[in-house]
Every structure is written in C-alpha cells, then in structure tokens.
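Written out below as structure tokens is the structure these notes cover.
Labels for the chains are A, B and C, by order of writing; each one numbers its residues from 1.
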C-alpha cells in the first residue's frame, strides 16, 4: 500500500518538477530569467565579481506611450497573448568590484515549435559581447545554439539592427551579413533576429537612455 | 464607583513593561497554536479538493517497481511499465464503475531545454471519455481534439505559457521530431494538469511506437462500494490499484508525524507562556502583600481577593490570546508561504484555514490553561493575613 | 449592631503570645479595658510595648492567645474559640475603619476610586453618595480625579480617612496616622480626627508617638511590657 502511494506522490512530484519553471513564473505574464545566474554570469563575464538583478516592465516604465515607441523602433506591433505590456524583464547588471562592467538581458520570443529564450551580454556602450540561446525547441536547435552562429553577433549594436525589418526578414548593413546555419529553420532564425532587436531596444529604453547605463 | 474588573485591570497597568512582556509571550504562543490548527484543517481541505479535481478516484496501472516509473519521469526514456488496452473492457462492466478512461503517459528528452536538457511529459488521452472525467476544465483558447488519431495537442495553461503557444501554433515532440498542432489551451486549474500536454491516445501510441497504455482512470459511482471494486480490480493480472483516498490517507500519515511534533512544540510554547503568566501574577501578589492586607481591612473576603487576582490572570490570557489570534488571521497568508517551502507535497489553495471555530477553540484553551495556572497565585493572595502585611513600630 | 449601655468594646485579660523557636514572647499580658461609644482613646508607649498588638486585637485583626473580647455586648473572642479569616472579615467590615502610617492608597486609582474601593467588596445600605460627601467634608473635593502620586502626604491621609469611613463604621482604628507627616499636617489630621469624634460621634482608638496628638482625645493609656497603665 505504502509503496503504491509513494509512487503516485513521486509521479505527481515529478510532473510538478517538469514544469517547475512555468510554475514558479505563475504570475500574470511570463518573464525570462537565467536558469543558473551564478554560473552564466561567470561564463559570459569572466572578470566579474558580482551582479545585481532588477526587473522592469513596459507598463511600469512608461505605459502605453513607451509601448508605441518600442513597437515603432522594432518595426512591428507586439502580438499574441504572451507579448503583453506587463511582461517582466530581468536585467542583470554586472560588476567588477564597485564598477559596473556590463549587462545581461533575456527576452522570450515565440519560435516555430516553442518559446525561444534569447540572452545577450552587453558592455557599457551597448555592444554585444555574447549571444546565448538558453532554450529552444527545434530539430535544428543545435545549429542555432552553436558558437558559429552566436559569434556573428559579437560587436554589433542597436544601430546595426535598426535597418532590420522583422516583418519581411530583410535588412541592410552588418545585420544582413548574419548567415542562417539552418535554412530549414528559417522561421526560428528570423525569430532570433527579432528577439535580439527587441532585446537591444528594451535595454536602450530601460537602461542606456535613462542614465542608469552609467558605470 | 469602581468595579472589581476595573481594579484588576488597573493593577495590571502598574507594571506596564512586565504586563506587556507577559502579553507578548501569550500572544506568540496563541498565534502558533491557532495557525497550526488552521493548517491542520486547511491541508486536509486542500488535499480533498485536489483529489476531487483529479476527476477520477481510482487508477489502475502496471505492477512493477514504482521507482522505475518515477525515474523514467526524471531521466526520460524507457523503463515504463504498460498494461493492455483491452483491460478497459473488463473494468467498464463492473457495477460500481461510473466512467473509465485509458491514459498513456510518455516522456521525451529535449536536449535543448536549458543547458542539460529537460523532459517533456505527454498524456495520451481518449477524447471520447477523458473530457467527461474533467468537467471543470475550462479553455482559455480553443477546445479538445475530436479526431482520436489527429496530430493535435491541448496544452495546460503553464505549459502553453512557457512555450508561448497559441491555438494554431505547432509544437514539436522531442526525440521523435513529430509536429502537433495546438488546438486548445486550458485555463489554470491549480493542479499538475497546468503543466501537461495532452494528445490523442492513438496519436501518442503511434509516435511512441507502442500499442499499450500506462493507466486507466476510473470514476466510481456515487455511494458505490469503492473497497469492493478495488478488491475486484486486484484480481486483474499484473496490475496495481491506486486509490486516491488511500493516497490522501498516506500523505496525511506522512505529515501526521510532523503535525504531532509541531503541535507538541506549540503546546510547550503555551506552557512556557503560562509559566510567564504565573510568575508575573505571583510577583505582583508578593509585591502587593501590604495592599492586599489593607483590602482585607476594607472588608474584602479571601474569596474576593482570590477572584480579583484570578481576574487579572483572565485579562492577561484573554487579551494575549485575542491579540495572537488576530495576528494569525493577518499573517495566515505569510504562514501559508512558509509552510509550502517546508513540505514536499503541498496541495493548491489556502493551506492555513483559520475559521471562527478554531479561533474560539484556541482562545478557550488559552483561557482555561491560564485560569488553571492562575489558581496558585490567586490562592496565595487570598491567604494573606492583614496582620502580616501591616507592620508598623511596635 | 446596637450598643448596650453605650459600651462599644470590652476586653478582659487579653494576652498574645508569640513563639519563636523555643522562645516565648508575651507581646500582651492580660490587658483588660472598656471603651465606650464616642470615646477618643490614645495609646502611647515605646517600641515593643504591645500597643500595636493590643489595637490589632481590639480591631479584630488577630486572635488573642487568651482572654475575651465583647463588641457591643456580643462575644467575639473567648471561650476558646478561634475565628477564621472570613468571620473576622465579616465583623471588621460592619464595625471598623482603619488608617495607617503609610496611607496605602492604590497608585493607579484616582482619589475618588480609592475612597470607593471598599464598596466594591461590601456595601452597607444607605451609603450612596458617601464618597462625595466625605471628600467634601475633608476638603478634597477639588482633587477627586487626581492620582495619589499627584497629591501631598497630608492630602493622602485625608483620602485614607475618607476611605476608612465610607461604609459608616462605628469605630475608627488609627495606627500612627501622623507618622509620615510634618508638624503642620499632623496638626491638621489631629483636628480632623477631633471633629469626627465630637460632631459625628465616631469612636476613635489611636496609637501614636506624638504626645500632642495623644492629648487630643481626652483619654490616654500608656503601654509598657505588654501591660496597660491608664493615667
């Protein structure tokens, strides 16, 4: 008897664990956190000594006007039931001693078969140091999560992404030079680019333009 | 004019700090006691609610090492034990059975979920019988699949939220790389269904390459003899029967040891607080010996003095008790969060359910214990002889 | 309790013996006396003379080891009977009021509440309004809502007197009533006691060290080594 009941508790518990991420973020809208910030911060900023986590959302930082501005800069409206004005964004400010050395920020983006969690590590000028896909569901996920693809983003800034149009998937300048390593996953490739552009715009609005982006 | 109650209450005000500290002691112990009783009630209520929400009360599954199945879930892969689908027919005819539904549980490993990869869990269900088992399911978008061989899926609220899926989107079954179309997204249920992906049974069987099932969910007719049915089911070959009432009893037993321990601690806390009360009152009686003697010269009987001091004890305990209960009501939410952190399996809903009955019970306990402890100091006070207290020269 | 032949208290051969270990102390040694209604009697004597012991027995605060006491004709002590706390209390609250050297007012109650305190335990019929009347009579009506901490020593003793009289006792027992007061206040208290005795017919039995005060009453008894000597 006991053994059976324990089994059931394990099954229920296991199912609970399977979706523990979703359960934890069981609020109005789902945000995008690093699964293991201690490890990831050390990996993306090897000379860092610590980090501080803050949360921002469009509705709290500027409401409807801010949303319009972001959508205009992105070149596309926010759509769907998950890309809403109240989504919380997690911003990690990275420190070396008392000096700020950069930021890490992630956004959720709808991919072809599941959600894509796209993180960028930025320096104090807003240049991309690293590009990291924490989660993605696709047969070709390996290619888009590989270093050959990620390297193409290093050194790029928001300015480079401004000419990218997420609706058509076309751009010019440095952003047009980014190669898709998995042509079968064109939808997800474009989703990743949109995610980076949105990521950079939000960082500009929340951090760099406000004066928080000062060391 | 002054009443005896006012005399008692004003006596307590003479040493404000001392009275306050004693009050705090009683308040804390009454808070703990009432929160515990509330938790006892809340947990059982919530557990009952969770079990009702599962829809079926009995589950039949393959006999085998239970840990393998759990491990399967945790690591993904083989090791699951199956039962034949034909078993459904032998069960559905039993007189106690209301509804039956076959379920196939499968897990697939997704290497791209996080850095070490993760499991995706799927439930293969029969669209003809399963929805009837869960009549309280509501859809945020879309609805159930109707075709039992369609490559479609219904997602629980949180599963959909994590993947940013809406009706019409595709999902990919990892390992097998099969695409399913999302046709429904459920509203929150507060149970594990929120994290589950449902697909048609036949479809999942096709994808996994098995023609068996893992579980049969059984809804028992109201007022039917559940135990008799369980016994009958045991006769089926190679199966085990899990009853949720049993599960509930086992879970309750698992935490009952914890409950007894914590209840003992609460009682000890109460006794310690009471020792504080006795000490406070006794000290004040000793300090007031002269005054008590004078009261006796004014016509106060030993019984009057006894009642006076006893009233002081009553005021202390009642005020402390009421304050503690009030605090507990206020912090019931906080206690809820703390308890969930500690217990491994916490059902949904309000865990610490304090109602008037529990509050009155706690207050009664505290007042009674207080009055019992107050007997000795009050008796001592009553015995004071006026002469012992009034000493002047000669 | 009605008086008979105007006698309030009659004591015969009152003796009080204390045992300390194997030692026997005769605090009072066979004292007899009669107190009439309306008398103002003072006891004087050195420490240990037994004056307080005697007054305690007269005031039914204690049981004698030997001897008899009658109160208005009714036998209280005598014939070997020992009265318990409850019986003594019943007698006391009918007949006696007490004031002491240390006032013993309750610090968290106002003047008015202090005077009303005995009424919380026992109330004779017809004492409504006594609280205000007594405080007025003693010149304390403007202090009724003050706390003992806010009034002077002389005022506190007046409040104590009012409290002692609120249940209309027949006899007031005063143990060193001016012991904690200066000369001026002592004289004031003495005057008050005299007035109560003369105008209200209150029987007063007082213990004092103060010769001036002792003479106020008109009857003085000296105590020495447990025996009474009347002058």
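Convention: a contact is a pair of C-beta atoms (placed from the backbone, for glycine too) under 8 Å apart; a residue touches a chain by one contact, two chains touch by 3 or more.
Since this is a predicted model, take the numbers as computed values, not measurements.
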Open item on the list: My parser should flag the chain pair with the most contacts; which pair should that be?
Closed with: A-B
TODO: Please identify which chain has its centre, taken as the mean of its CA atoms, farthest from the centre of chain B.
DONE: C
Task: Chain ID, smallest distance between chain and overall C-alpha centroids - done: B
Open item on the list: For chain A versus chain C, what separation do you get between their C-alpha means, in angstrom?
Closed with: 92
- [ ] Find the geometric centre of each of chain A and chain B from their Cα atoms only, then give the gap between the two centres in Å, rounded to an integer.
- [x] 37
Task: For chain B paired with chain C, centre-to-centre distance based on mean C-alpha positions, whole Å - done: 67
Open item on the list: If I count partner chains per residue in chain C, which residues reach a count of at least 2?
Closed with: none
Task: Interface residues, chain B side, partner chain A - complex - done: 59, 66-67, 69-70, 73-74, 107, 110-115, 118-121, 140-141, 156, 158-159, 161-166, 169-172, 174, 177, 179, 188, 192, 194-196, 240-242, 246-247, 250-251, 344-345
Task: Footprint of chain B on chain C - complex, ascending - done: 45-52, 56, 61-62, 85-86, 89, 92-93, 96, 98, 100-102, 104, 106-109, 113, 116-122, 131, 163, 167, 175-176, 179, 207, 209
Task: Touching residues (chain side chain A, partner chain B) in the complex - done: 1-19, 21-23, 25-26, 30, 35-36, 80-83, 108-115, 134-139, 141-142, 145
Open item on the list: Taking the touch rule as given, give the residues of chain B at its contact with chain C in the complex, in rising order.
Closed with: 1-4, 6-7, 10-11, 13-14, 290-291, 294-304, 385-387, 390, 392-394
